[in-house]
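Each of the next two complexes has chain A plus one more chain, namely chain B in the first and chain C in the second.
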Partner chain A sequence: MSIYKRAQQWTTFTRVWHLFDAKWQNPFESAKIIQKYLAGLHKPIYGPSADTGDHVVVINSKEIALPGDEWQKRVYFHHTGFAGGASWTFAWELHEKDPTLVLKKAIYNSMKGNLYRHTKMERLHIYPDANVPQEILENVTNQIRRPRLIPKRLDEYSEEEVEKFPKLIDYPEDYVIQKIK
Partner chain B sequence: MVFRTFPLFVRNRGPDELWRKRRILKLSAHFHGRSRNCYSIAVRAVHRALVYATKARALKKEDMRALWDARLTAACEEHKFSYSLMRESLSRCNILLNRKVLTDLAIWEPRSFKSLVKLAWSRASQDGLNGVKELGEEPSGVITRGMIK
Partner chain C sequence: MSNNNLFLPVGFPRAPLANGVGRWICQLQRLTFKFCKNYPSSRGMREFLEFELLDFTKKNPGIVVYVKPRRHRAPNLTAEYLNGEKQIVDCRNFSYEEVKKWVSLLRSQSGRGTVRLLKMWHTDHPSIQGPWSPFVNRDPKLNWVEFPNEDLSQPIYIEKSATEKLIEIFEEQQRIERQPKQE
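So, the complex of A and B:
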């Protein structure tokens, strides 16, 4: 094998590090995208036994958004193995205990249960906020597109933009408007 | 050979037992344990293996197809295009490349594949196929001298 071919082989199979910002994203929708990158399904050289998966660094997992009333309705089951060892934890409870776990479990469950699953999960790095260790952040070379755009809140617009926005009616003078905090 | 009765003639199974068994044991030479050398076990294992081999000939085609589909989906998504639209538009353009050739192009000739995606995309948006508009703007720079129809 010539030096050129060898270098080509290395560069083709190099692991890329991707960044994913989970702010206000649905974890179950994001999991389907992230697991593709972990498995290498985003590359045309993919093979089930070739291990072409990449690393994914997920930030802001504390600010994920579950759809509907899933925070109250979704329940995570755990059993210690002893009699009476079953426990059920609500999603909001689990998120308070560890803000990375809901996303991590969503990604874990979106994968097929085979022997490659643990290897793929090893390449996933989840952080609750934007504080990522430097040695991890310096590897990142790509950002994964978020499935949902983050809408701009009303209090994030400047007063000038709010004034300029066309309005249909004028409020009466004695009408009390609740301020957004 | 002399057969005194008809049942003895029916029971006779050929000139030599050794060669009949040897034919089976050659097929089981790479098996594990007693199914390699003990004939009565080996013959059962060989029959099973031949059944598997027959079924696997069809399964291999299915598996390769699934692999090519996975690879081509990835290759199309690299260019923000969809695989189903790609197949439909290429056949409309009368570009009759199969999954294997398209995969080889995507891996070994990524720029040829990119130009195929561009061509398919412009054909898809020209024909107004479902779901093209959601993918965004079609790529510019496809010059075909009206041959795209």
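So, the complex of A and C:
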């Protein structure tokens, strides 16, 4: 192999670092997208054993949004292996303990259970907020688009915009509007 | 298929020195007919030498032909090629037609020997546009973007929300109301 061809091989198989902002995103929906980048499915040279996967840096995993009442209903099971060692943790409990775990498990479960799964998971870097170490962030050259828009809260609109908005009804005088802190 | 085929040298079909493109050089350089004058196993070979050999040499002046009679041994065809390869075809009990076919084969092949073909075609330039890399067709603007970037994070296709649809209906209603009524 000539020097030129070897360099060409390196360029083709270069690992790209992608960034994903998980703010207000459904982790199970995002997992399907992120998993493709980790496996390299977005590349034309993809092969299951060709090791074409990329790195994905996920930020703001603390602000993920589970659909419906999944925070209360979703349960993560763990068994220590000893008698009576079973434990069930609610999604909200797990999220309080480690705000990266719900997303991490969602991505892990979205992948096929084969020997490549651990290698692919090694290339996933999840951070609970936007504070990413410089040595990680400087590698990033691409951003993955989030599947959904971030909804805007009422208190985030200016008063002028609220005034201009067409009103369907007037609240009754004794109606108490809860203030968002 | 026997296992022997698995251990054949592997390769792609190719012509030595682009043979046949512009000019054609006969790769067969030397052909030796070895035969016996008495044995019936050489009969086909003897017939070939009698009826065909002179025509063959006239048609192929580039090939050196040796005729080597040897007593009481099986006949064979020994072909030597431009690339230094030597091929021997055992012609015991071959008929005249069979010898003719083998001579024709030895004359027309490149002398590379039998290879297991990995593909039925080969090209030195598999792609005109070159191999893909992550930097192909990449927007150069992305080179000076600072990450995380809010614009690049937005979804491309945004469906209209119910609120936006409601506002549209409202504005349409306002527009119709503002128009002078026809009576």
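Everything below uses one rule, namely that the second predicted complex is superposed on the first by the 162 of 181 C-alpha atoms of A that agree within 3 Å, B and C clash if a C-alpha of one lies under 4 Å from a C-alpha of the other, contacts with A are read in each partner's own complex, and residues count from 1 in each chain.
Criterion: contacts are C-beta pairs under 8 Å (C-beta built on N, C-alpha and C of every residue); 3 or more make two chains touch, one makes a residue touch a chain.
Since the structure is predicted, the reported quantities are computational estimates derived from the model, not experimental observations.
Undergrad: Would chain B and chain C fit next to each other on chain A once aligned, or clash?
TA: Chain B and chain C fit side by side in the superposed model.
Undergrad: For A:P44, using the defined touch cut-off, is the partner it touches chain B, chain C, both, or neither? Pick first, second, both or neither.
TA: both
Undergrad: In the overlay, answer first, second, both or neither for which of chain B and chain C A:Q8 touches.
TA: second
Undergrad: Rounded to the nearest 10 degrees, how wide is the angle at the Cα centre of chain A between the Cα centres of chain B and chain C?
TA: Between chain B and chain C, as viewed from chain A: 20 degrees.
Undergrad: Figure out whether A:D21 sits in contact with chain B (first) or chain C (second), or with both, or with neither.
TA: So A:D21 only meets chain C here.
Undergrad: Is A:I59 touching the first partner chain B, the second partner chain C, both, or neither of them?
TA: second
Undergrad: Quick one: is A:R148 in contact with chain B, with chain C, with both, or with neither? Answer first, second, both or neither.
TA: A:R148: touches chain C, not chain B.
Undergrad: Of chain B and chain C, which one touches more residues of chain A?
TA: C
Undergrad: Nearest CA pair across chain B and chain C in the overlay: distance in Å?
TA: 5
Undergrad: Can you list the residues of chain A that meet both chain B and chain C?
TA: Dual-contact residues (chain A): 43-45.
Undergrad: Name, in rising order, each residue of chain A that touches chain B in their complex.
TA: Against chain B, chain A makes touches at 41-48.
Undergrad: Residue numbers of chain A touching chain C in their complex, please.
TA: Those in contact with chain C are residues 8, 11-12, 14, 16, 19, 21, 43-45, 59, 130, 137, 140-149, 165-166.
Undergrad: Can you list the residues on chain C that touch chain A in the complex?
TA: By the definition above, chain C touches chain A via 131-135, 142, 147-149, 152-156, 158, 166-167, 170.
Undergrad: Quick check on the complex: what are the chain B residues that touch chain A?
TA: That would be residues 67, 70-75, 77-78, 103, 106-107, 110 of chain B.
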